[in-house]
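Let me begin by handing over the structure; questions about it come next.
Going by the order they are written in, the chains are A, B, C and D; count residues from 1 in each one.
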């Protein structure tokens, strides 16, 4: 029963993105103890990098803030950042997990005052903005980051300056010699919520990402459109900083393609419609072209498609472009066949955004470390542990939260069986 | 001394259009220590254009016969081809025979008529694969005695050494092996966006006007990028680019006069081979920019 | 011609790699990848949809398949792994065996009447003969004209010993077996092409 | 309980250097009469926390004011086992928001004044706060009612039971299983292998549920009445003969969907013109009966066409996508191919193929089996000489208009929720088919009506929130499956499990007397002074969650367990008689009155900012982190929600001498971000009446302004504030200063 809480009834949630947060909070607010393990320095995951959500064009931080408040107010939730689950033994009801805690080099005593960052002279490409700008080697990812404690790059921690910077901390929270540690926990159930990473667009050779500066990706574009991103929200071309007023979006860049990701990533169509709105809102005289195979605005998201369709400055071309070339002015030229007219086109744009798909972390760098773990051909988790959100299938945020809430239910079943 | 079974292909025959490739390849192999054991009494591979006249089985039977002879004469030693079309046709045939039992059965029924049989197991390789995989870049660079310093070369990979199989896992859209070869001889590989564009291939024979437009774009790009010469591994490309320059100049009013060479000719020359060894005397458009290295 | 799958099912069965046609999702990548895209009327994916719609005559009479230069761009880019080059070759061959191709289609003439005859006559390509046949297939007049157009090149080739002055070449040693083999292969092929 | 207040001032993070500690302590002790006042150089450190904990343990203090950083920081360190804790933010919203040059005495003085005011606000608030006494009842139920015994309902009931709770499952028909009973096979959805249709598993699920003694099942029954609140829902279940009353704690609605009426489709789709034009539901039943034949003459139906989006994505019919039809129709095409093999010809005529995620495999499988996909429209349907159906198709991909002769044309009609919904803002739901819906599924005895609020124009009782899809406007009631939104099988089961979790979470929350999202854990709830009530009904009308009923005299009847503690009722009440133990009109009035208003001649205006604690306050904190300075003349008072805004506060602020009032609420309108749905919208409406108040006071109406603030507005908010400060600066000082 929910009010009895024998030891070992804890629910382990792996991944602190929107799915993991949801599973953790919903289970805790139902009366269960939760251990939340996140690999990054802060909670929030992939959605924290998004500028806005479709279809409401609202900030993900709004919902994250509420969830963080719920975590702060709930003693049932323990969370670890910079931590990874290395090994899972046992089975549902009685798992033993080994967790490695990577050094943050900054303790929880940090007050977020920022003295250290001011004292730090070393900058690195900002991973939060996909390396599009430089940041200090000791920092937190953004002003709303939770937990708000700073963290230090391991490389920098080895430097002599790190030791000096440590002295600059008024509360002595910086420890450049901090070591990794390993802990073991007994848990009743495990929910894998490790989410997704953007598919590596450099692998999509015909589109020349990495070769042509003005070919970018949808996740980079999110940061480009964010006022807290590398360009303070100005939508410009990477090559020359020129305002990008003629922008193309190429759907299924890597998705629905046997050469890359054979499955459909589900959200990219809607994400591009959202990003089209970024462009149209910023430049009234802008033009947007969306190249697609099928427009996948499932169920009620259809309304968002119709809303986008109503904008005469957004044109739609049913076509998977064959390749991209670059003209003398550095404009990417998109080449292909319009399958509805049969015309062969070669259209230049200021900027081309590749709607790259979702690669599940569980397929690459967050495989479930259990002997009986199973996954499908694409690396989505199908068994051994419970899977929530994009660890189970490519889904939008609302569906991920539904999935995560459902997994809280399944996790509780295991805990109840144990109790 | 490394030995390989060798399939020269029709264009490499004496007095054939790719005689300059054949001669320079032979010289290159001598300098590098490669023994090529030519298949006795080989026949045409039918290339890709063979589809229409031959269809599936007759087309593949041609390559199958070469494999059968090779197996009989030289066992399962790797079979080296120098012509892109031959390499592709042979590889495709072998792949189908090894993966499709119906094809294997039918092909062997046909081969039996010639008293032959073949059930796969011979690896077909392109000469450039042998250079890169069996000798390696250091070995190729080490042989250079006359670096082709200052020579600006457009590396034209073309289609069939690149797609669908590709050389040494190199990229389809932007392969770099040829540029690396050029650089290995001490020459400079100029940027060349058209490096994998199609020259019109076999259509040059039937619809030269269509193909010449493609060829022209390739020549133009090379010239625009400041190339002194174009280098290719493919005899069809070499022929189209070199022999049709005159026609292109008259019909599309250009004035190209750019030598089209084989990678093997660059190696031979940079490895100290003579003008003759490199078969540079066999260029329809004289390889003047290379004179100073002779 | 109303929608019907008889033709499509025939192509799936008889045409080389034809069964792949049903897997096309009509994205259009093949069209954009084709170097001859300026010259055909229907892109590969259109041909595939036409096959599925049962448009037998339009597909088989079209010269589109004959535009293929075998550059293999479409194959490496197709998101559904269709061996498009081979499918197109297969359709061309299918049209040929169904006697639907325009006999004057230049590539068809070269491939069937010149090239294939040439290589099967001796076992190897006789380039000089090939070129002569190619030029003179429409009679002396246009032949001479075409030849003159390429005169300089031809002379250059002769000078550099890359063109054999004697157009006639001998057969390969094992020609008899070679011919028998081809005959058998052709026999099996036609069985394949007419299998029910 | 007698309140023993302790005030602890932190001098870390530069506060000690920037502020005059002695003066601050004097405010707390002398002016505010706080018995225990201490300071520490690092209050959040072990020593500082120990200092507070000791006073608590020794019983010297039982209520704590912490004057340090934002309440959003160090919550773990400052978590004590006490009822009343107040955070005064001297750092993020004072020190970090003011640009004070070294030695600029005026600026330093302004900063000190701001800090002192904030300390006063905190002290007054603490003095005004009472310990909430949670709403608990002895006769509550933790059972979960599940309405609808199809896939979603069975899943929800089973999951509730497996979690150790009792479920009451009410099914309208004679047997459980719903639509799946009619299905031959099911689509794989999110279970590999994604290529193959799966066996229909509904039988197993039904017996699992019927065999579970925690689940009480009522067949042939409907819910005719739902009275009460979470934990105390009294429902009436009626079958044809008897009515039965029972009490449950929370409710999951899984009544599923009906299909759009095919007779309403355009004639061009030919429904009714021939018996061989059928809907996918009709076709499924035929397949289940092993009868894939022409209805007209019983001949085998080997040639079958499927028209997708039969009414869907068409504003004249259903303006949404039905989500599952593409996959469902592929499954049915596979039936035909499996039955007739080489002789089968199947065509799917589509607008967009929608096979998201791994279901792309299923699309490929359908093609591999030989199904032909045509992007285009059906322009006309007639009969042909072969006794079949002649379908005119406009094929967009080869720009071709041809006839497609088939034995059967299957129309993939769309799903419509069976849940009765309502929205005051939307007159009539889309899709005329809804007129034929049976009565209300719950028949809620709520002041705001028997139905569930719908999402926009969609007529679905879906959530507006992307991050919180289970948050609806009826606490403790969760809709799942196609009743909530069109969805396929796997999505339905997932959704039902999620709703089941929310249902047991709700009963647990009620049992502990705490609120659910968004103010999870809040113990307070509204109460009122009956003698003051004028029966104006504003509270009962405005409550976004329909928590308040009316008694026969027209007085509000609060249902605390329905309440989400947004305090909209408090702001709505013109009599100011609704309050919470720890939040009231009087409390905010007292706070703002405590602010020191400099004399007119000092030329230091004062501007009051009411900021929504959900988005505006974090945005202000973010400004602090970014150190983007604002005017030292503003004073911020956080509100639970703009919905609690009482016009009295404006009047009080003006008579107190504030020169202007700026209100920061969440975005409202269609894409509203107010976590309480209507809070900021209602505040705006109330504000429209504020001009009267100002006229009465002979003050300019532009002294009060409301702005929408998004949580990420830290970049634009400083401008918004300085513009308002400037605008106020252009007015004469408030004449009421010093009264």
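Operating definition for what follows: a residue touches a chain if its C-beta (ideal position, glycine included) is under 8 Å from a C-beta of that chain, and two chains touch if they have at least 3 such contacts.
Values in this document were obtained by computation on a predicted structure and should not be read as measured data.
Here A-C and B-C are compared, and the pair linked by more C-beta contacts is B-C. If each chain is reduced to the average of its C-alpha atoms, the one that sits nearest the average of all protein C-alpha atoms is A. Work out the mean CA point of chain B and of chain D, and you get 67 Å between them.
We define each chain's centre as the mean of its Cα atoms; on that basis chain A and chain B are separated by 47 Å.
One finds 21 Å separating the Cα centroids of chain B and chain C.
For chain B, the set of residues that touch two or more other chains comprises 172.
The set of chain D residues that touch two or more partner chains comprises 353, 397. Multi-chain contact residues, meaning those touching two or more other chains, occur in chain A at positions 206, 256, 323, 339, 342. Chains touching one another, given as pairs, are A-B, A-C, A-D, B-C, C-D. Chain contact summary for the complex, chain B toward chain A: residues 171-174, 193.
Of all residues in chain A, those touching chain D in their complex are 1-2, 18, 26-27, 29-31, 53, 56-67, 69-70, 72-75, 108-109, 111-114, 143-144, 148, 170-171, 227-228, 232-233, 256, 262-266, 294-303, 306, 339-342, 376-378, 380, 382, 392-395, 397-399, 401-410, 412-413, 416. Residues 12-14, 42, 44-45, 69, 72-76, 79, 159, 162-165, 190-192, 194, 313, 315, 319-323, 352-361, 396-397, 399, 455-456, 458, 460, 462-463, 465-470, 485-487, 491, 493-498, 500-502, 504-505, 508-509, 516-518, 520-521, 614-615, 618, 622, 625-626, 667, 671, 673, 675, 710-712, 714-715 of chain D touch chain A in their complex.
In the complex of the two chains, the chain A residues touching chain B come out as 205-206, 208, 211, 323, 325. Every residue of chain A that touches chain C in the complex is listed here, in rising order: 206, 252, 256-259, 293, 318-323, 335-339, 342, 344.
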